[in-house]
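Order of writing sets the chain letters: A, B and C. Residues in each chain are counted from 1.
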Amino acid sequence: MDHKDRNVVVPGDQLSDDPKKAGEGTYVKDGRVRSLLYGMASSYKDKVRVIPLAGKYVPSPGDTVIGTVQDIVFSNWIININSPYEGLLHISELPRKIEMNEMSKYLRIGSSVMARVKDVDSTMKVELTINDRRLGILTRGRVAEISPTRVPRLIGKGGSMINMLKKELNCNLFVGQNGRIWVDGNDDDMDLALKTILIIEKEAHTTGLTDRIMEFLRSEKEARS
Amino acid sequence: MSDVVMAEIRKDYLYHLVLKGERADGRVFDEYRDIDVETGPIRKADGSARVRLGKTQVMVGVKIQPGEPFSDTPNKGVIITNAELVPLASPNFEPGPPNEFGIELARVVDRGVRESGAIDLEALCITPGEKVWIVFIDVHILDDCGNLMDASSLGAIAALMTAKVPAAQYNLGEDYPLPVKDVPVATTAVEFGGATIFDPDTDEESVADTKLTVITTADGSVCGMQKSGPGFISQDHIYRIVDIACERAREIREKFLEV
Amino acid sequence: MIGMEDKVSFFKDGLRLDGRRPDELRPIKMEVGVLARADGSCYMEMGDNRVIAAVYGPREVHPRHLQEATRAIVRYRYNMASFSVEERKRPGPDRRSYEVSKVSREALEPVILTSYFPKSVVDIFVEVLQADAGTRTAGINAASVALADAGIPMKSLISSCAAGKVDGEIVLDPMKIEDNLGEADVPIAMTPGGDITLLQMDGRLTPEEFRRALELAKTGCQQIYEIQRKVLIDRYSSISGSECSDEASALAEEEI
């Protein structure tokens, strides 16, 4: 039998007997559309797709990510972006020109950056850049890590959730597609921001989440004052 | 599969908290995470215990079999302790024989059991010079979320306290409970930011470069110690850790080992 | 395999030594997401077997030379704890565990979409905490759920079960005493659609008996599949208690 819209499905569950409807997270066998993933089946326009509930981040050009420098090799910083694939930040991708012997001084092992994925080639070589005024080196604040599969929910339809959070939490927020989120503010505000982000991660698949979060933030702020 | 370099931003945060007297999960410095001890989950073993310490999980199995004594102690039973840091428990564990961390873990757990006299080795003698009971203590790490030492040590003594000597299957009489004469409990702390932090989690272990484990007996004596990690530790901190170890161990004994 | 002097009777009033019918599975318990460090995990009890499976991956391959340019490699390591068996086992792999690891990997690999993650590895680890015949099948069942828990794309789950022959009768899911003193053992693994991915046999069976054993094992796999599926589905039902609304479609629709 076909699975109803937005139910939890496991790999192999049948979603439709119309191969034309096969969307992301599905495959077609013997004329039937089946799930490839442990996730939520969803009908959208004329396609049926499965949204994963778990899984690793695979970089895609245009993604913004938060990473940590693991090593410096020749003219590249090797950056851990919480993925099976590491990111390479080349010396030419900085907002200003530096010499090779200045690399460690500019950005050392252990430092964190907000970067954009410039390119991913067929060998899974991931090129990053921080040459953009919205990107750069993180020198303060905290970074939370959630499952990358929950990032779309954290952002919300048209940015509804993230914009609400930016407004209600007295913090700077930057969401990386790789599941890392940077927050900056005073200690108590950052504590609340991180607590809220973890709730959203845990309940990403439930109904009425945006309203509940707004209510939660309201009561937390009242409790404080 | 080597350790990922920790973000400085994270390190800074942990130090920042310590200066305020706080920890990332809200505990105070000498506070332990929630502990759960389940004895006897492996019925086929002669004794077993599954310990949860925060999110850390270890399984300890005790097997008791007859064997030959060591030639220099013909009237004493034998204790053999091993720890397996299996790759399932952490992205940093690799398959293969125990490395220096696994060996150190096993030897310190062993030290606690042996030096406290928890097991009366002479009582394990069957035929002097020929046959004695061999007690195998096998620590199997399931989930490394920090402080494997205390979890493993607790699992070992819990498994021993509920173990039975399987005499019947070897025609050596009826099964009887393994006589356990003391209850060693390990307490571990790490040092960073000038503070002494007890029951460290994974991040706290990464940031610290010094760790001290103190094993105490039921009457509050110290029966084992191990400083590990490439850092310094001051005498004051050592004495303080010993004092708190006695207290924590007593609480753990009362709550989880029904002693 | 049975000596004349130690003839054990495996059946009493048509029931087996543990009270089961010949076509009955041992009691099963499964829990998903039981480990914090692993990407996916599953704890399973199948009769007196106690196994725990963990999946790490896809992740970087070490050593690098093992990586493949166009797909993820799959590794499976089956290991028995020293205290899991009657006589304490020396830690570390032996020839049997290498073989079990290989056939188990080959039971799961056909359904894993390795092409999605070139140059990486999907590591599957199974630890046997207590053994009572059928640990390899329990391991595959738990590993299958752990793979789903880790979000690894698969064509389907894999379910595994064995059939045996004791006292001339074909039985499902033999326990240790039936396996040790029985006349044959046939462990299998399959997709819910019936495609076989693991098949081993030892003992002695006529082709007709083998057919019956295989059919019986398949029914066992089907029952196990329902349990595997339920444990994965229930995990999210208990948190939300309901299906999702427009909010959840945000998970699908968001384009950054």
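Criterion: contacts are C-beta pairs under 8 Å (C-beta built on N, C-alpha and C of every residue); 3 or more make two chains touch, one makes a residue touch a chain.
This is a predicted model, so every value here is computed, not measured.
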With chains as vertices joined when they touch, what's the shape: line, ring, star, complete or other?
complete
Could you quickly compare B-C and A-C and let me know which has more C-beta contacts?
A-C
Round to the nearest whole Å and give the separation of the Cα centres of chain A and chain B.
38
When centres are defined as mean Cα positions, the distance from chain A to chain C in whole Å is 33
Where chain C touches two or more other chains at once, the residues are 59
Show which residues of chain A lie in contact with chain B when the two form their complex.
68-71, 80, 109-112, 138-143
In the complex, go through chain C and note every residue touching chain A.
39-40, 57-60, 69, 111, 113, 116-120, 148-157, 191-193, 228-229, 232-233, 236-237, 239-240, 242-254, 256
In the complex, the residues of chain A that touch chain C are 4-12, 25, 27, 29, 34, 36-40, 42, 44, 49, 51-56, 58, 62-64, 84-86, 123-124, 149, 152-153, 155-157, 160-161, 177, 202-210
Chain B residues touching chain A in their complex are 4-11, 13
Residues of chain B touching chain C in their complex?
1-2, 41-45, 48, 55, 57, 59, 61-63, 65, 82, 84, 86-91, 95, 97, 136, 138, 140, 142-145
